[in-house]
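Common to both upcoming complexes is subunit A, partnered first by subunit B, then by subunit C.
This part shows the complex of A and B:
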């Protein structure tokens, strides 16, 4: 699906946990996430901490969208 | 050559996931690697196939999510376990269309082969992401897309495995039942190339069937689009393969092999919770997503960012399907269709989340 969105001319960032799969399917902007059943969360944290974590991940995704890339690029959490 | 001249049976170590080991389903996908000196799950079918020639001396079990989330550690732990038995052969799977499982099988078969020097093979459906990743590195027997194809898989795994161990010549992918590895083998034939090419062209022009001697690889890479110039003015849309749907899954999106996608209105929704959202995806433990769907599609955070002016706008609709065993052709079709709407609606960028 990532490639079709890209093909339509819309920049897209793939937020996913198993980065090798994302690379194989051809995503160009990738942000690694927390875990398979909760990519943008962590039930072990307190709710406000979890939300803060989610916000950091989304902000990283927005940064990826604002960054020019030549080819496939993984944007790890800083 | 390993195994060829020894007395007694060929020693095999088998790798399977938590489901095929009978430990549990998604709720046990975080199962850490363990080894049992037993034959489990598909191992029983392999054992029957091997008869007296080979025996499974140990089965290594690992949860699919544990492996996927801890690839390096899991690989190390499993390699240690395999090494202990000093087997002549290593078999992982069959994984059929289970994506995490296929990636784990490919990863570990490749590692056992390269780091322990033990002949390895695995088996999975050709659309499994593990197939594209590892078919060049490891022999991957081509299976059907579900465990209904177990017998068919074992029928191909056993003879190929024995050939590998005995160092016998391995035939073509079509003959032996494995996925194309991209290896070219030179051979002599009576007709010269130009003649064969003309024959093929004539067949093509006549509309007759012909078989290419060298299938072109399907690269299908899409170059990245330019970055968003001003994110504070951008309309961002959410797309997901994590199966996020409104409470009750009104469109009945299938939990696996999805035949459709949904377009859902989040106007006025600032937070997802068990009252307004759930997941339809059957390929991961749904408890965390059902408890707080923002863990799959971050609506709460994007609304905050929208309010603060950090993004222009969160697009009113999100698009969702279930990425569990969903045919690549379907996923492509869905995305082709809804991308047209995204463009028409003036969406500037997409955040696509996957589980």
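This part shows the complex of A and C:
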């Protein structure tokens, strides 16, 4: 999906937990996420903490989308 | 560590007034067994049935399969940290009821459970069509949480296996096999000219009913460690898995790990089997990195020349597999990986979710997406209610005439990644 959408000329950020697989399949912008059963959340956190975590992840992804890349790039959380 | 495995050959299983073994026949006191398993307050009802090779019987949904074993001499008891105290097992003498198995079924625990046919085309894909099976049908009390349900059925299997094996405690086994692994330095000294080979066993530990236990410890909480191969023959590693039936290692597989048995066969002849490193398959990337770092570190520390790596399950564990392979190869140690494939029904898709050039020696257990048609059987133990929803099944899998069309993924043990099956492929 990542590759097909990019082939159509639209840049894609792949948010995923298992970065090595994302690298293998050829995603160009990768944002590492939390865990396989809950990539964009963390059930151990309080609801307000989890909301903050989600916002950070999405903001990081939007930032990645705006960034020019030369090749496959992993955008670690700051 | 030296273990004598005494095989008490079981040719038939029948119900009887007393649980005993006579002339290769295991007699089971059904009421006594039901009473024992029913002691668990999480189970509303328990029934026991027998399924023999060649009978027109389908068992589903199969959760776990356990081989009955009993400690005859030496420290500890079978399933340490679970049924027995946490003594170190794997030495002395253990008797095995060879040719029979305990199987657990009933209301499904997780959606990924299996089918075992005792005859027909499906029987060819599962090793448990060749064993005389004592099948426990366990129904949970209403409202029981899934993980409590899983534990109750897991323990039911172990308790029943231990109960049956007790009948073999004082018997003279029909055949005896001896397995020995010396303490590390002695073992290295004994065969200085043979290549030093280790086994990295990956345990399914994704959580959410995908768990494996080592001496009673949930293996997602371990860092990789070293274990004597004979420890697993006494039940040091057990399955708590509800992962896809075709490539989960049931407790029976753990007890009879063919990689360990085959390495012992060559030990002292073509290779020096140094030991087993166990590691896990967790769902956090940091855990995957840490565990594969450690398996590579331990392989280096042991001075191994070569390593066999076996996987359990599929999907994201493919990454653990490739990380183990890559990092061990980077230490200058040769690897062979054992896996299976999800290459689509036509076999044309990429087989694994991850790949690397270092993985240049691969053994496959087969393509789990292959479709098979299973004719109706005269009798069903368990229920056909879940056929359309188990992993490998789909809408319309179960036909009105009782026949089933599924991917072989749904058959217990079909593409086992320890090589405990007959399928493979060759490429050059």
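We adopt the following convention: the second predicted complex is superposed on the first by the 78 of 78 C-alpha atoms of A that agree within 3 Å, B and C clash if a C-alpha of one lies under 4 Å from a C-alpha of the other, contacts with A are read in each partner's own complex, and residues count from 1 in each chain.
FYI, contacts are C-beta pairs under 8 Å (C-beta built on N, C-alpha and C of every residue); 3 or more make two chains touch, one makes a residue touch a chain.
Since this is a predicted model, take the numbers as computed values, not measurements.
Engineer: Looking at the superposed three-chain arrangement on subunit A, would you call subunit B and subunit C a clash or a fit?
Structural biologist: Subunit B/subunit C on subunit A - steric clash.
Engineer: Looking at A:3, would you say it contacts subunit B, subunit C, both, or neither? Reply first, second, both or neither.
Structural biologist: In the superposition, A:3 touches subunit B alone.
Engineer: Per the contact definition in the header, classify A:24: touching subunit B only (first), subunit C only (second), both, or neither.
Structural biologist: Both: A:24 reaches subunit B and subunit C.
Engineer: See if subunit A has more residues touched by subunit B or by subunit C, and give me that chain.
Structural biologist: More residues of subunit A are touched by B.
Engineer: Quick check on the superposed pair: does A:32 touch subunit B, subunit C, both, or neither? Answer first, second, both or neither.
Structural biologist: A:32: touches subunit C, not subunit B.
Engineer: Touching A:15 in the superposition: subunit B (first), subunit C (second), both, neither?
Structural biologist: First partner only.
Engineer: Determine, under the contact definition given at the top, whether A:60 touches first (subunit B), second (subunit C), both, or neither.
Structural biologist: neither
Engineer: Once the shared chain is lined up, is A:69 touching subunit B (first), subunit C (second), both, or neither of them?
Structural biologist: first
Engineer: Taking 8-16, 26-34, 80-88 or 260-268 from subunit C, which overlaps subunit B after aligning chain A?
Structural biologist: With chain A aligned, subunit C clashes with subunit B through residues 260-268.
Engineer: Taking the stated contact definition, name every residue in subunit A that is touched by subunit B in one complex and by subunit C in the other, in rising order.
Structural biologist: Looking at subunit A, the two contact sets intersect at 17-18, 20-21, 24, 35-37.
Engineer: Give the list of subunit A residues in touch with subunit C in this complex.
Structural biologist: It is residues 17-21, 24, 32, 34-37 of subunit A that touch subunit C.
Engineer: Flag every residue of subunit B that touches subunit A in the complex, lowest number first.
Structural biologist: Against subunit A, subunit B makes touches at 26, 29, 65, 68-69, 71, 99-100, 103, 129, 132-133, 220-228, 231, 234, 236, 239, 241-242, 284-289, 291-292, 294-298, 300-302, 304-305, 310-311, 321, 331-332, 334-336, 339-340, 342-343, 347-355.
Engineer: Subunit A touches which residues of subunit C in the complex?
Structural biologist: Its residues touching subunit A are 206-208, 283-285, 288, 316, 318-319, 322-323, 353-356.
Engineer: Spell out the part of subunit A that touches subunit B in their complex, as residue ranges.
Structural biologist: Touching subunit B: residues 1-18, 20-22, 24-29, 33, 35-41, 43, 50-51, 54-55, 57-59, 61-62, 65-71, 73 of subunit A.
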